[in-house]
Amino acid sequence: MTAHTAFVLASYGTSVVVLAALIGWIFIDQRVQRRALQELETRGIRRRSEVQADNAS
Amino acid sequence: MRLVAESLAGARGGEVLFSGLSFAVASGEALVITGPNGSGKSTLLRIIAGLLEKADGGIKLENSASGFDSLTSACHYLGHLNGMKPVLSVEENLRFWQSFNGPGDYSLVEALERVQLGDIGHLPFGYLSTGQKRRASIARLLVSERPVWLLDEPTAGLDKASEEQFAELMREHLAKDGIVIAATHLPLGLDGAQELVMGGE
Amino acid sequence: MRLVAESLAGARGGEVLFSGLSFAVASGEALVITGPNGSGKSTLLRIIAGLLEKADGGIKLENSASGFDSLTSACHYLGHLNGMKPVLSVEENLRFWQSFNGPGDYSLVEALERVQLGDIGHLPFGYLSTGQKRRASIARLLVSERPVWLLDEPTAGLDKASEEQFAELMREHLAKDGIVIAATHLPLGLDGAQELVMGGE
Amino acid sequence: MSETVSRTGRWVDLANPTKFLNFAGAVLPWLGVVTVLVLLAGLWMTVQAPDDYQQGSTVKIMFIHVPFAWLSMMCYTIMSLSALGTLVWRHPLADVSAKAAAPIGAAFTALALITGSLWGRPMWGTWWVWDARLTSVFVLFLMYLGIIALTRAMDDPAKSARATAILTLVGFINIPIIKFSVDWWNTLHQPASVFRMGGPTIDPSLLWPLLIMAVGFTLLFFTLHMMAMRNEIWRRRVVAMRRIAARSAERRGTR
Amino acid sequence: MLALFLRDIRLGLRAGGGVLVGILFFLAVIAVVPFGVGPDLKLLARIGAAMLWIGALLATLLGLDRLFQADRDDGSLDILIMASERHMLAVTVLIKCLAHWTTSVLPLVIASPLLGLFMNMEPAAIGATTLTLLVGTPAITLIGAVGAAVAVALPRGGLLVSVIILPLTIPVLIFGVSAAYGAVEDPAPFIAPFLILTAITLFFAVIGPFAAAAALKSSAD
Amino acid sequence: MLALFLRDIRLGLRAGGGVLVGILFFLAVIAVVPFGVGPDLKLLARIGAAMLWIGALLATLLGLDRLFQADRDDGSLDILIMASERHMLAVTVLIKCLAHWTTSVLPLVIASPLLGLFMNMEPAAIGATTLTLLVGTPAITLIGAVGAAVAVALPRGGLLVSVIILPLTIPVLIFGVSAAYGAVEDPAPFIAPFLILTAITLFFAVIGPFAAAAALKSSAD
């Protein structure tokens, strides 16, 4: 019985770890891209498509 | 037959290189594209050839000769690369392109004669000198028929005599109601050609 | 420093292309090799660079600068191929050649500035246009020091402005007691260069 | 992507990346909150659920294993739909959707494999067997990784988009193989007991937590997918703007 | 089209040692297996067909990544793509696959009976394996063409192309091996998996070239 | 020299998709095997070491033929040869081999324990296989480099190369596999084949680069 519980805990544990890593990566990526965009905007660079139509971003 | 471009735009890597380009070239006429490095000459030629998507505008061939329904199928494209296999002989290479692209006004032997390679057709293509390689790929234009020739710096590496020879070939093609569109930094010896200067925003 | 060739002969595929060629180029002098396609210009340059066996005769560098004991080690060779990797950026390519061939008079940034590529050094080399590629490989000559420059049709694909710029670079190199040996079909803008006409048997 | 969008019924509007960014900005906080609530409810029900008379407490692994397995297939299906979007309609967001979904799908597939393995040890006495179901899921995992490698190997998004789309579509063959592998070959693995003709055969006391967990993880998937898509759009903008910055600097220099 | 086939055959024979590399690699696979399973001849005979199939599958991967890359590097690919109105690009791809198969894979198939002898297989098993290889390997080449086309823009696609292809070739392997077994072991059927194998090859003969052609078209730049 | 190493590593990673691809490739090869031989875990464990070695051989061969060809095609090779006074050409070759091994083979060696688990191998067998792979695969790269250099020199020498080179890799494979088995099965020795394997690698680490350099020097034309 206890042996079985170990398997249950292990599978829930790994799931939490993997999902946390995935979510963490997405949040970090979000911060990085936001920063980069802000930095470029403060340098006064605009995309051509912001002037014309917005395509293919 | 008329090749018409209307407010054509070309982009590379998401950035627009040129836009609003319009020109028309009729049978028997030549268009010479010039401009500084990186201004988009090769890009324009590849768009006409159908190898690259245009970013905007339109380009078409009006009243095309029979057998050449679309623009791409009416074009010969001679880019920077020669499209020949180094291990095959010049003749084998040309014979392949002839049977793949269909016959033209010149037979294989005549075409090789016209580019002064008559006696080295049996050599592997890889053994030729730069100029000889270029001449061999010019022969590819002769062995299959296409009304529109798209040439990207065709005379790079040619000596004076071959340059003159090649100008003669282009004039002949124009006399047969063909169209020549060439991107180049060097004078090509075509009188009365339209000129399109790129990158002069 | 003097580069001296004595009754040099070159052969390709068992066939002698030229023989009995003698010339001498001193520091600060340039030699321009001309001649029709297939006359052996590239062959001669590759023999000087040590990439091809000479068929006969001798070639050597007299009183060479310290650190350049043999002729080969004193030469920069700019052939038809650019020697750059398309997937690496221009800067990465140049930085590699700089650390592999040793430093030169120009830093990487300066060299890129000199060939007007200052701001696209971070682009992958494969993205450049033909002329830009050629300019990037000219920058390779600047980042490492070599007294002798062997150039094979260096200006093919360059626009007028870059051609002028490159002539300026060659003049500078000559002024620093360098030697330039160039095979070309186009005028290079070097006054007072010796001329060697090949294939004029 | 297509799912999220069609639910709102305004997908034409969302075709535009800027509009999509605005939409995602408005929706994401709510979606996140709902996801957390449903997952918490699911977890609570999981704890409450009775042990199976045959499998003992290991049956609790089912509540995560099965949703992960479903999601691994659903995610690939969404990527295939996006691939169609790229190839047929040349929709600018389709490629973004496919590229953003791949790592998430890979993570869910990895979890299905790991939890299945952890379940297999007490149930079948082995971590791994090379039977049709397990192997086809393993192949799915490899394909996710292959697609990720391909998208990362090409630096030009426009170029990699169609290549990846074609590969994704060709690889879709694997999905029916996974789904029906238990029927076509005899394997150790359970046959379908929830989604099958004639209704589910699972006891309701186990079915409900399973369904709630499945809904929770599906919501989690959409939340993450939307965030990843937003990141991808931003990333492409950054790249484009950097290039433009470089080019305009070059022009100034040349003149 | 015949011209393209002949050109590619000639290139394959003249330039690369493709033919022999494949066979020798195949040989290496077969030579190493007995060290693993030990000198148990029965066991060797039993896994013989499987090893021949795995060897052939892996040997086919060698050189496959350059199927279109070589043409791209010298500019021929542009011209082939431009001719797509005269010769449908999918047909061009099919012909190129055929030429590749003829130069690089057919020799393996021809060599496989000999290797079957090394593995102590029965004549019937050898015949069946050779037959399934003959029918099944074209499918691998065709699937490989999709991978090669997808990765044509990458200068060093070798490993990546294999990664993309291998999962997709698994059904071919499964049915090939089971047909080969079916010919010798009694309860197992031969005809059914053999027909499925044929169907897979035909399926990819249709799908593969179109997918590869689409990938090639979008690769031009 | 470090610069050359870094350049080649970068090329390998960037153009081929990174380290991940090497591991993925191995995973795909190993996943294919059970489909061929069937899910018999005992049998899988027995042929495990052989399959790992075959996978490594294939990964090494893929792309090895382009080791110098790529440099020749873009003109870098000329410049590398001209620099042979600053950097001995044999050393340049060695560095290029190292970079190739690091990007294409090392990831496999690192991933092999994981795959051993999939193949149901014993821990001792896994350890031994990994160790033999680590010691033995460089020899394959070095032998292959000679072949690649000869192939650059003789564009039509492909056949010759495979005839000369591939057979040389077979002893490596055989000693590698038998050392791996020696570690688990009792009568078979481990130390003897392992030492021979080490000797082969060292031998080719000395001979290979010089032979390849000589071939390259004569290739320039």
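Worth pointing out:
Order of writing sets the chain letters: A, B, C, D, E and F. Residues in each chain are counted from 1.
Assume a residue touches a chain if its C-beta (ideal position, glycine included) is under 8 Å from a C-beta of that chain, and two chains touch if they have at least 3 such contacts.
Values in this document were obtained by computation on a predicted structure and should not be read as measured data.
Note on connectivity: the fewest steps through touching chains from chain E to chain F is 1.
In terms of the distance between Cα centroids, chain E is separated most widely from C.
More contacting C-beta pairs link the chains of C-F than the other of the two pairs C-F and D-F. Chain centres here are Cα means. That of chain D falls 32 Å from that of chain E. Centres computed as Cα averages put chain B at a distance of 38 Å from chain E. Rounded to a whole number, the gap between the C-alpha centres of chain B and chain D is 48 angstrom.
The mean-CA centres of chain C and chain E are about 46 angstrom from one another, to the nearest whole unit. Listed for chain F are residues 11, 14-17, 21, 24, 28, 31, 35, 73, 155-156, each touching two or more other chains. Chain A has residues 48, 56 in contact with two or more other chains. Multi-chain contact residues, meaning those touching two or more other chains, occur in chain C at positions 80, 85-87.
Residues 14-21, 24-25, 27-29, 31-33, 35-38, 43, 47, 50-51, 53-54, 57-58, 61-62, 65, 73, 154-160, 162-163, 166-167, 169-170, 173-174, 177 of chain E are the ones that touch chain F when the two sit in their complex.
Within the complex formed with chain C, the chain F residues making contact are 1-4, 6-7, 10-11, 14-15, 73-76, 78-87, 220-221. The touching residues of chain D, counted against chain B in their complex, run 156, 158, 239-240, 243-244, 247, 254. Touching chain D in their complex are the following residues of chain A: 1, 3-5, 7-8, 10-12, 14-15, 18-19, 21-23, 25-27, 29-30, 33-34, 36-37, 40, 43, 45-48, 54-57. Those residues of chain B that touch chain C in the complex are listed here as 12-13, 35-38, 41-42, 80, 127-132, 135, 153, 156-162, 185-186.
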